[in-house]
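Naming follows writing order (A, B, C, D, E, F, G and H), and every chain is counted from residue 1.
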Amino acid sequence: MDEAVQKLIAQTAAGEVSLAQALAQAAALTGQVADIGCARIDHGRTARCGFPEFIYGAGKNADQLVRIVGHMAEKNGEAFVTRLDGAKIEVLKQAFPAGEADALAGTFALYTVPRGSRGEVAVLCAGTSDLSVAQEALNTLRFCGIGATLYSDVGVACIERVLVLGDQLRKADCCIVAAGMEGALPSVVGGLTPAPVIAVPTSVGYGAALGGFAALSGMLNSCASGVTVVNIDNGFGAACAAIRILNQK
Amino acid sequence: MDEAVQKLIAQTAAGEVSLAQALAQAAALTGQVADIGCARIDHGRTARCGFPEFIYGAGKNADQLVRIVGHMAEKNGEAFVTRLDGAKIEVLKQAFPAGEADALAGTFALYTVPRGSRGEVAVLCAGTSDLSVAQEALNTLRFCGIGATLYSDVGVACIERVLVLGDQLRKADCCIVAAGMEGALPSVVGGLTPAPVIAVPTSVGYGAALGGFAALSGMLNSCASGVTVVNIDNGFGAACAAIRILNQK
Amino acid sequence: MDEAVQKLIAQTAAGEVSLAQALAQAAALTGQVADIGCARIDHGRTARCGFPEFIYGAGKNADQLVRIVGHMAEKNGEAFVTRLDGAKIEVLKQAFPAGEADALAGTFALYTVPRGSRGEVAVLCAGTSDLSVAQEALNTLRFCGIGATLYSDVGVACIERVLVLGDQLRKADCCIVAAGMEGALPSVVGGLTPAPVIAVPTSVGYGAALGGFAALSGMLNSCASGVTVVNIDNGFGAACAAIRILNQK
Amino acid sequence: MDEAVQKLIAQTAAGEVSLAQALAQAAALTGQVADIGCARIDHGRTARCGFPEFIYGAGKNADQLVRIVGHMAEKNGEAFVTRLDGAKIEVLKQAFPAGEADALAGTFALYTVPRGSRGEVAVLCAGTSDLSVAQEALNTLRFCGIGATLYSDVGVACIERVLVLGDQLRKADCCIVAAGMEGALPSVVGGLTPAPVIAVPTSVGYGAALGGFAALSGMLNSCASGVTVVNIDNGFGAACAAIRILNQK
Amino acid sequence: MDEAVQKLIAQTAAGEVSLAQALAQAAALTGQVADIGCARIDHGRTARCGFPEFIYGAGKNADQLVRIVGHMAEKNGEAFVTRLDGAKIEVLKQAFPAGEADALAGTFALYTVPRGSRGEVAVLCAGTSDLSVAQEALNTLRFCGIGATLYSDVGVACIERVLVLGDQLRKADCCIVAAGMEGALPSVVGGLTPAPVIAVPTSVGYGAALGGFAALSGMLNSCASGVTVVNIDNGFGAACAAIRILNQK
Amino acid sequence: MDEAVQKLIAQTAAGEVSLAQALAQAAALTGQVADIGCARIDHGRTARCGFPEFIYGAGKNADQLVRIVGHMAEKNGEAFVTRLDGAKIEVLKQAFPAGEADALAGTFALYTVPRGSRGEVAVLCAGTSDLSVAQEALNTLRFCGIGATLYSDVGVACIERVLVLGDQLRKADCCIVAAGMEGALPSVVGGLTPAPVIAVPTSVGYGAALGGFAALSGMLNSCASGVTVVNIDNGFGAACAAIRILNQK
Amino acid sequence: MDEAVQKLIAQTAAGEVSLAQALAQAAALTGQVADIGCARIDHGRTARCGFPEFIYGAGKNADQLVRIVGHMAEKNGEAFVTRLDGAKIEVLKQAFPAGEADALAGTFALYTVPRGSRGEVAVLCAGTSDLSVAQEALNTLRFCGIGATLYSDVGVACIERVLVLGDQLRKADCCIVAAGMEGALPSVVGGLTPAPVIAVPTSVGYGAALGGFAALSGMLNSCASGVTVVNIDNGFGAACAAIRILNQK
Amino acid sequence: MDEAVQKLIAQTAAGEVSLAQALAQAAALTGQVADIGCARIDHGRTARCGFPEFIYGAGKNADQLVRIVGHMAEKNGEAFVTRLDGAKIEVLKQAFPAGEADALAGTFALYTVPRGSRGEVAVLCAGTSDLSVAQEALNTLRFCGIGATLYSDVGVACIERVLVLGDQLRKADCCIVAAGMEGALPSVVGGLTPAPVIAVPTSVGYGAALGGFAALSGMLNSCASGVTVVNIDNGFGAACAAIRILNQK
């Protein structure tokens, strides 16, 4: 047992620090959380959750992103950022030329170890307008080494387009279904497959589409039992849910 | 032409009475509005709109309903009331034993001339729970002499149930589609028929179904072009819209 | 029976493919859905619905639009796009000089066979500010060969403006009524005509107009029976509903 | 002037008491607020506002109401209570047999000096279902000695019903217009009269009527300029606004 | 009686036109509604409502505005436009150099007859941020020859600021009170004056201010009886309501 | 393979019947949908989705429920009903004495083959008030032969209560987490386990809890990646989602 | 210090158990959480938060409440329950005759050690209808030995009623201000005192009061800086916040 | 007593001015409210509330801000402005070079007397994206001479990050906790400390985060008793609430 720990035990025994504080100090010794000033990086997440900490790009400036990605690349050899606009993508590409940027999906992926391809996730989107959300899901899955196939523009106004995918839906480990407007596609998919169906409402539509709330509330009330839902436009979250499912296989 | 009418036209042309006043006086001259104290009955509605004034039962007490139905029966030989609870239905049945009451739909129909059966309206409902709304539509149509067929429990979670109705949907003059929860059925129907599709969101569901708003906003954003929508649980209004369509044939 | 079909039957008989999958593969042989990469074009829609697939321009980039319009023009000799901004219109005009663009309505129409003029739809708007929505309806109707007349700036604050249209409203096959703010116009129109009345709430107004929801909810509660409603600013959808009605004549 | 008042002015000018404190002390010196335990009665309201304090019955129990009405009757010889249910009305009638109770409107009026009839307020309601709200307004006006006439069931689905009232609307000192559902009536009335128009949305309707919010938001966006609005079902508040207007004549 | 009218009567007698249509044609002969293509100008409004038609600038382009203002200036010698942005104001100033533009309030006033100053309206605003709304009210009042005084930055967080205005509030013919955030000012004002109080919620604030809905719903529930409310930021509407009140004096 | 099937494939390939029609006919040929008058039972659901059709009890009357349960019991030897009130439970218990009713959860389970116990789902609820929702999930899982353990009253206000469950959460195949009020528990659980986390917002709370929407929107925005959400109080749906996940193992 | 604790610190420092697990084990070692079946009682709360765990009565049945209160009374000699209806209060009074029940506030307090009276909290309510909320706050404070005074019916429509309390507000350690309708009172109070002001919106009002949301959103936007807000009708929560403030003195 | 006061007393005694008006004039003599044209500065606020009037920069233009800051600097030697954008900050920096501007927080502080550091407020934010809100709180506290420490990026997805702060939270005089998305952090903090916890929902997040309403409603329903809430993104208001708490020490 090292000296710092012995001292901590002594202080606790002497009532100089509370037990709670002693445990907090003990945990800090293991270095799982790295404080880099603008952020506290959670290096224990892969162990706890089965996937690493990803970086939410929307609320951070370019400098912060470069520092965080740099820290992660150095420590883990990989980093994945979502919700990036064009300007931030440019800065990241200059700072990390080996990274893969996707402007449509707003993601940036950096890694050294080649990605594998485990399992099979079917990613559907109802219309061409939902593609950016579907692509965010695909990129997240691929960064984590999960196999994924995109089926786009298969909305229910032409029901044949989805019926024809019957076998693919039945064989998938998980289906991610992105749809805006009335968000009816996950209900139809849910009736065609035994696989988990993760519905992603998108903000496609106008007026009573309510920026995606029509689709969201529709999906939450799907008459196909066992459909689960993530936040509007949250392709990333749907992918993480799929990863949690594939963690179990 | 009587003198009062001539004078009215001349006064209108001279700007002595406004058009609004002139029309009001014309209506009064021709006796179109009957003031019976608790209500002003619009006897000109069939001429103007193609269907008579119906009676909204929700905000009126039993005495008022009896007086209004009595007045209409005497003048026109027919009356139709919606949104009735059990107690009001009982009072109406006692006052007008010849009337037809439907407790599920909350309607009361009184007539002497037998109803015909013109045209064909397909009335679908997604689940058994939507039946009262569909029945209100059916009763309204039948009171007005329109042919109508009910197809119940054909929700999209088992898509075969609606696909099998393809021919009936294509041949109908109009489709009325009632659905609660996510309200996806009108989108699928709209993709299968050239007929007008009138969507009726129902208040079936709970939580994020929002008392029918999830279905309502979904239907307003249907990816099947040309679907129109009426108020939540408004089977009566859907039937009136169908009558307007059949007025044109 | 051709060879592909025979093989499919044999595989099905042998249990190598499921019946559902066999049918999907059989349907694919008929080529009704054309997969052009960024979209799956539904060439069976005119047969099923009485009007062709239209293109929603809002969520697609200019390149995708050019490809889709090109594909449709080649296959069908016509294409119609809605929800276009100025930049996309410019690209389409350059790619298809024969097309008709309307910047106010945000539409683009391309066709070779001259359009006819069947039926008569009255398109009303309450104020000058609602014109773009009314124009989207007019353009859609005209592309489909439906006769249509615009009556603009006839809001109820000066009731004479709408009363004077009495005969035109009574003779129309269908009335499309666009209004923002309190959306009262469809109720007045509904009381003056036996024709179907399709109400289009517009996003005109501010504050409690709620981007069109005041008008939308007002129209859904119209005291004039049989008024149906489409999404906010959805002149296109109203036109498609009118086409469905005219399909029946 | 008494000494306490002189001292108060001097202290205020010297900054020893703030204006707020000074006014409070002045009110206390002149006995304007009476603390009766369960309530602090504002006897200065008639002087300040032109009408006395009225009693909101909804959140008080019968005992409290009896005490408050008793106190007011003793001090002022009059009291007016709104938002009463049947049970509370019974208690008040027993305690104050001279009072006038109206179960439909939920009001109770007690007075000794006969009421006059000054001015003329036109109170319209769109349907029979809006009558209780209109009656609350009528009772409040009459308690305050204001002349008022009721015109009921004049909704816009039969426009002649309101057009025929043109002269009465033009001659009124003020128009109170109660309507539920889409709440279109005040816009039509506002276009027909130079008088102040106070719109009262009612909770009549269902589904997208949203308990009166459809009417409320519609009225706030009335295309007839200068229409003002009070809370849903607030016939009382509309009457008070009319009294403020008649205060100015 | 002129020939057109005689012909109309004859046609009506012959059943060639309906009575309703005859009256509409008769009314058209009086020319109260002028159709100038992009708009139908209501020249009868002053006679009906006590103030002329004003022009809502938000949904019209500069060309339309110039045509409408030009038509009104020629016919009536005056025009008033609201909800103008800077660009439209510039175009109007160039087209009508005699007009008075106010960029803060977004209004443009054109007139030849000098404006009078009848009555006295007190216009209060809670904070400096509410000034543009208050100014829109002031400009509307002044265009219509109504006297008006502005009291700005008198919010309730420093209650002395409003208490000190007691006499001015009591003597005003009408008080217009603009406030954002929690919108408490009208309740305090309503307790200090017998005059009509018109509350204008403003969109000042953020987060739970909900773009003015916090203030709007607060004002609709004012504990000061008889406060009426107009739409968010609708200083113009409040002024029109004040004009209706002054019409009665 | 029988002749009807061969013909169907051929007709589909020839475009004589659409894919939609073909699938419907195939379903009819294989007897998957049973029309029992008040309902159309979907006997193909286990094959398609991995679990049988369950019965939503809320919108059906007791007679309908008895007929549906009877039909299912006869055909499949099992039936499961949700959303039952006490009265319906009594009727079902009398009709099917072998069934297991749970009044707290509102479920009724009937089966002959003993249930197995495959896998392990951890079902957590934040407070005692959330127990009925959690119990609905447990009953659904157990009816389907899935192992499940309940951990109740582990809300985050005493974080130790959930931390102590670390191992159980990590070892579960899936975690279902029911919480009302602010709905924070799934975020904490999501940070402690690699397993799929299905969040169930409950309607526990008052005021700004908005009947479960505070929890719902919070869960949709969980900072723990990969948490999915079902409808408010939808313990049944969460269990079905868990079954879909266990279907994949 | 006992051996288990030493080992725990060492394991934490070595990364063998996470901080979360370590704290949970520490809590278990010190017996802070008591699992009594239907609930897990948090006996560490007074040490951590400065007040004991209180019992939320709304979602628990009478049996559960008796068990929980019994456990707490035995362990700590005191228990406090909120949100009780009449029936549950009766059961608790029978089980614990020494307890103090308050039907208006819905609380039940049981204790053996007499309560002290530390500090001074001013509890204001705008109207008589807000009394139950204010009383819940008072009971909570008094159970915790905090001095508190009630000032009721001091709404801003008669501003003198609150101005007269100036000194009491300035001298209080904390002001709790309950108000419904527009919720303006906390803004006025906040401008008169340097003490913390905790605003409690109440559900008093109707229509646009939105069950307390008008008051809630108004209070969140108070123009008086530093006003904080609790949930609608949450007098209990306001009292707890006051206790936290008095914990600091 | 000076002459102005004597005259005022005489006029009041003579009935020439009302007592209320006399007091208002008397108060005006003390000069606590300074009318500088565009604003009425409240110089009495420090005496009444324990902190000076701060300047809300959002609704004022640069000229107004310079005048107000100039007036305050001259009178009090200090001024503090919030909600500034970059352009306004530049103008203020040029006008008052001694001021301290913070572009992230949007604040500007000007003072001559050095700030002290009394007490200790812990300011936590859940993610890097919440930093601007936390910084606004910090700047406000520091301007008022309150000690404050920032702990950023301590969201609950990695619970160790907040657990490790246990002692700091317990020792703080007050905790300000800013969080967006689901806003769970204040509940966890509230369970770890006896200090007042002021929750600040931030607008961080998208979709169902509803611009901060998910966090806001979550925090209002916190299961940790005694958490109070301020408006979305209102770091300033949280700091003022903390100052009110520290005023009491």
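Assume a contact is a pair of C-beta atoms (placed from the backbone, for glycine too) under 8 Å apart; a residue touches a chain by one contact, two chains touch by 3 or more.
Bear in mind the structure is a predicted one, so any value in this text is a computation, not a measurement.
Participant: Return the chains shared as contacts by chain A and chain H, ordered by label.
Facilitator: Correct list: F, G.
Participant: Identify the chains in contact with chain B as well as chain G, in label order.
Facilitator: Touches both chain B and chain G: A, D, E, F.
Participant: Farthest from chain D in C-alpha centre terms, which chain would that be?
Facilitator: The most distant chain relative to chain D turns out to be A.
Participant: Return the chain whose centre of C-alpha atoms lies at maximal distance from the corresponding centre of chain B.
Facilitator: Of all the other chains, the one whose centre lies farthest from chain B is H.
Participant: Please tell me the distance, in whole Å, between the geometric centres of chain D and chain E computed from their C-alpha atoms.
Facilitator: Their C-alpha centroids are separated by 25 Å.
Participant: Can you work out the whole-Å distance between the CA centroids of chain D and chain F?
Facilitator: 52
Participant: Measure off the straight-line distance from the CA centroid of chain A to the CA centroid of chain G, and report it in whole Å.
Facilitator: Averaging C-alpha atoms per chain gives centres 39 Å apart.
Participant: Could you tell me the distance, in whole angstrom, between the mean C-alpha positions of chain C and chain G?
Facilitator: 57
Participant: Do you know which chain H residues sit against two or more other chains?
Facilitator: 20, 24, 27, 32, 44-45, 48, 127, 157-160, 163-164, 190-192, 207-209, 213, 216, 220-221, 224-225, 231-232
Participant: Please categorise the chain-chain contact pattern as a line, ring, star, complete graph or other.
Facilitator: Per interface graph, the chains form some other shape.
Participant: Report the complete set of touching chain pairs.
Facilitator: So, checking each combination of chains, I get A-B, A-C, A-F, A-G, A-H, B-C, B-D, B-E, B-F, C-D, C-E, C-F, D-E, D-G, D-H, E-G, E-H, F-G, F-H, G-H as the touching pairs.
Participant: Under the touch definition given earlier, write down the residues of chain E that touch chain C in their complex.
Facilitator: 17-18, 20-21, 24, 27-28, 32-33, 38-40, 42, 44-45, 53, 56, 58-60, 64, 201, 203, 211-213, 216, 231-234
Participant: Could you pull out which chain G residues touch chain D in their complex?
Facilitator: Its residues touching chain D are 127-130, 152-154, 157-161, 163-166, 192, 204, 206-209.
Participant: Please name which positions on chain B make contact with chain C in the complex.
Facilitator: By the definition above, chain B touches chain C via 18-20, 23, 45, 48-51, 54, 170, 173-174, 190-198, 216, 220-221, 224-232, 234, 236-245, 247-249.
Participant: For chain H, which residues are in contact with chain F within the complex?
Facilitator: Against chain F, the touching part of chain H is residues 126-127, 155-159, 163, 180-184, 187-188, 190-192, 205, 207-210, 213-225.
Participant: Which residues of chain C touch chain F in the complex?
Facilitator: Listed in rising order, the residues are 1-2, 4-5, 8-9, 12-13, 19-20, 22-24, 26-27, 29-30, 32, 44, 48.
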